[in-house]
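Alright, structures below, take your time with them.
Okay, so subunit A shows up in both of these, paired with subunit B first and subunit C after.
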Partner chain A sequence: MTELIESLLRGLGTGSVYALLALGFVIIYKATRVISFAQPAFMLAGVVAVTYLTPTVGFWAAVPLAAAGTGLLALGVERTAVRPMVGRPAFVVAIITLGVDVAVRVVVNAFIGLDVRHVGDPWGLRTLAVGPVEMQQRHLAAVVAAALLVAGLFAFFRYTRTGLAMRAAALDQEAALAHGVSVGAVFAVSWALAGGLAAVAGTFAAAGGSVDGALWLIALTALPVIILGGLDSLPGAVVGGLAVGVLQELTATYANDVAWLGGNVSVITPYVLMLVVLLVRPYGLFGTREVERV
Partner chain B sequence: MLRVRNLEVVYDDVMLVLRGLSITVPPGGIVALLGANGAGKTTLLRALTGLLDIHHGAVVRGEVTLDDEPVHRLRPAAIVRRGVAQVMEGRRIFGELTVEENLRLGGHTDPRRITGRLSEVYDLFPVLADRRRRTAGYLSGGEQQMLAMGRALMAGPRYLLLDEPSLGLAPRLVEQIRELIVAINAAGTAVLLVEQNATMALSVAAHGYVLETGRVVLDKPAAQLLADDDVREFYLGLHAGEGHTRRSFRDVKHYRRRKRWLS
Partner chain C sequence: MINSRPRGRPLLRTSYAQDLALLDTPAKRWWTAALLVLAFALPFLLTDDLLQLLAVGCVAAIGAIGLGLVTGYAGQVSLGHAFFLGIGAYTAAALSGDPDGRVIGFGVTDIALWLPAAGLVAALAGVLVAPLATRLRGLYLAIVTLGLVFIGQHVFNEWSALTGGAGVGRPAATLEFLGRPLAVTDGLGTRDQKLFWLMLVLLVVFAVAARNLARSRIGRAFTAIRDRDIAAGVIGVNLPRYKTLAFAVSSFYAGCAGALLYTVTGFFDPGSFSLLLSVQYIAMVLIGGAGTISGAVAGAFFITLLPRLTREMQAWVPFISTQPNEVPNVFQVETILYGVLIIVFLIFEPRGLFGLWVRARAYWKAWPFSY
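Up next, the complex of A and B:
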């Protein structure tokens, strides 16, 4: 029982990271109808920025600064590389974002260099015990951070003028335009938000460990998550992220009991889940039915 | 004064859809624009509100002026700010947003006035006030049309462009829309009313234009248009000789006489 609860909690921790990443994908998709494959690069850029900022300004200031910086970077990328492609087929734009991903990662990897870099988080691998159940502090922190950000996003989309404009533009771009919404601004804000979220997600993915190129694998897991939750659903991104995180940890915990599965089967479980979802419910658990697959 | 002079619009660089069209909407007036399907009515409204771009359309000749300032190169937001708002064909309400969110979006360009305008719109459309927290997609067709009109009014326009507001509505609702147009106009907003329902449009308008394949073929006071035999036959279905199919406007000789617009 303790084992089960502990692995569930671990799952929620990693799931929160997936949820933040997936939210970025979905926000961009809703605003622009494009899947941005540049998200992994923004995540890496954000983490690396945190590793450079923490020694001077401390972890707590480094994270928001890095998130803002990554948001600006994403905004710049959108303006220069993606905006000129507006109106081209979604496939073409997706390929452009893939190119952006490679380019940004090459640059960021140069900053990682050969040293082992740490985000300098205050949690490390310390745990928190409630009775017999132990939970890693970094997982708890990830859950809390994700909850705060999700609440913030909810309030933003629900109560602000820009948020409302973004929701309207996602539903009917021309009608929003006709009422004076700047579609360019909507694109820009969506990319900036996604960049900031990716930076925070990356920080929690790297908390307690070191920063290296393998973080990219984590970012990639956001893809099965959005397929599961639905490309155009923000709640879907959150639920999907948590579900995939939990599923992965459960598999990691219990797969060892099944000898032939091997030790790393948890890495592929999200993709197996994605395959199943695509077969039975291609628009995801929460997605809109008409949304085409890309 | 909202003026269109010798306007030519192409789609996809090749399809000439408006061919030297000129109309005038005076401040505070109601002008009707009639025309068969594909005549270019919606295209004209797009040209008036900066929405040609996203349809790969462009103004190639002529101009649109608002109080003598050319506006056909402006972005939609700039045109809304200058006081021209549109209710698009098919209503285009945001189905997943609430009624009030739809209205708030209409006030996007003028956020400080939203609260005041909301209460004005609710006064004009009490149904919307009753349903303000409802999801707009669940409203009836007539309510959706009112929502679309209310949303456009949230920008506080001096010129309101309506694209076939009576489309798909029962006669009683058409009558209600008609009365609302009169009320909106009485409050000082000029209306350009695009309609296929000529009876309704000409009964509120002071002046009317008939469009055919991107040209103005008739330009007369509404009362005269209502009395015009060919308008009666073509749009009102009155006095069609039995046995033969409806004629196209093209066949009607004296519409060939076109006005000279350069003035």
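Up next, the complex of A and C:
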């Protein structure tokens, strides 16, 4: 029982990271109808920025700074590589972001170099014990940070003018344009937000461990998450992220009992789950069903 | 005499057969003939290491044609090409492997057997995936096929009885035809010369087959689906059937390409079939020109020769290092170039290398009034 609860809690920790990443994907998708394959590169860039900033300004200042920096990077990419493609098929833009991802990651990997880098988080691998159940502090921190950010984001979309403009543009770009919403600004804000979220998510993904080039694979796990939750659903991204995180940790705990699955099967469980869900519901759990008018 | 043309009017078409012909203009006929003669003469002109690279290019072109059929012609975005390449590679290697070896092997060393088998097994995998593909569109499909790559990589890594395990690998299929080894150095030529000829012949066969498919009823159904799938469905194209067919044919090509790809180097490990491989094939199709066979071939050679080019470039750009532990090194430059080239081509010349050729052709056709 303790084992089960502990893996559930671990799952919520990793799930929060996925939820943050997935939110970035969904925000970009809602604004521009594009899946940005560049998110993994932004996450890696954010983490590496944190590892460089922490020794000078401390962890708590480094994370927002890195998030802002990554947001600016995402903004630059949107301006140079994505904006010229407005009106072209979504697939073409997605492939462009794939190109951005490949290029940016090489540069970031060069900054990682050969030495072991840490984000310098205050939690490390320390645990918090409640009765017989132990939970790692970094997972708790990830849950809390994700909860705060998600609450903040939902408030932002609900109560601010920019948030309203973003919702309007997501609903109908032309109508929003006709009402004086600057759709270009919405694109820019979306990409910057997604970049910042990716940086924060990356920091929590790397907390307690070291930063290396393979970290970007975590960001790719957010892809099955958004498919699961539905590409255009913010609550779907959060629920999907947590569900995938929990499922992954549960498999990690119990897969050893099933030998033929092989080691590390938990890495691919999100993808398997995605395939199963899509067979039943082609638009994800919370996604809007696409209606085609001819 | 329906099929004949008046003398001196080579561009006048008097029948549907002439309209559909593969080489419909004299210029195309001459160019193709010249290109083929040059290609078959290359082994006498180039050194062996370049020939080996070009042989790999021929195989990559077969794979790229396959991806071009499903992505360029039928418009179904597939990021899962590496998965199908892997299935083909392992089917061929297992069939032709040593029965008493460390990894699974059945001792069927004849290329005439393992090559179609590899293609068919990969095509079967494609058909199995197709039910998902027919229900999904666009980006959903891209992500699902991306998931395939990860699942495939896990299976390849864990099934070490077949694949030799991560980081270890297994020997590739053996090149034998009717009991005679195809790629050995003897009086007729060196191993690399023969390899190049073999792969070139296979490429021509596969490319002509793909061109024929593309101009048939099936090919037109594919392009109809790509341009607007609802409209295609309305005019009577059976969407699930043709999407399944597109995936099957594409996977067949990928399987054959995967089976051949590693016979050149002779050894491969499960790590090869990663997302990067899929991205490389996407890059080949997009840089070459989506929706054209010759574009896919051009793109495949371009991407295959790119590492070599960056190494040659190093002589002129001295700050790029050849040591993998220094920054910036040729490997990094190469990877960045993949990314940047994809972006640049998609923004400035969406028709790819083929588009550049079309522009050049149009310029000279209208010369001296080419404005």
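What we mean here is this: the second predicted complex is superposed on the first by the 290 of 294 C-alpha atoms of A that agree within 3 Å, B and C clash if a C-alpha of one lies under 4 Å from a C-alpha of the other, contacts with A are read in each partner's own complex, and residues count from 1 in each chain.
As a convention for this text, contacts are C-beta pairs under 8 Å (C-beta built on N, C-alpha and C of every residue); 3 or more make two chains touch, one makes a residue touch a chain.
Just so it is clear, the model here is predicted, and its values are computed rather than measured.
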item	value
Contacts of A:Leu114 with subunit B and subunit C, given as first, second, both or neither	second
First, second, both or neither for A:Arg79, with subunit B first and subunit C second	neither
If touched residues of subunit A are counted for subunit B and for subunit C, the larger one	C
First (subunit B), second (subunit C), both or neither touched by A:Asp172	first
Footprint overlap on subunit A, comparing subunit B with subunit C	none
Residues of subunit A defined as touching subunit C within the complex	34-35, 81, 84-85, 88, 90-92, 94-96, 98-104, 106-107, 109-110, 113-114, 220, 223-224, 226-227, 231, 261-265, 267-268, 271-272, 274-275, 278-279, 282-283, 290, 292, 294
Complex interface listing, subunit A residues touching subunit B	161, 164-165, 167-168, 171-182
In the complex with subunit A, residue positions of subunit C that touch it	77, 131-132, 135-140, 142-144, 146-148, 150-151, 154, 157-159, 230-231, 234, 275-276, 279, 282-283, 286, 325, 327-328, 332, 335-336, 338-343, 346-347, 350
Of subunit B, residues touching subunit A in the complex	49, 51, 54, 75-77, 80-81, 85-86, 88, 92-97, 101, 104-106, 108-109, 111, 151-152, 155
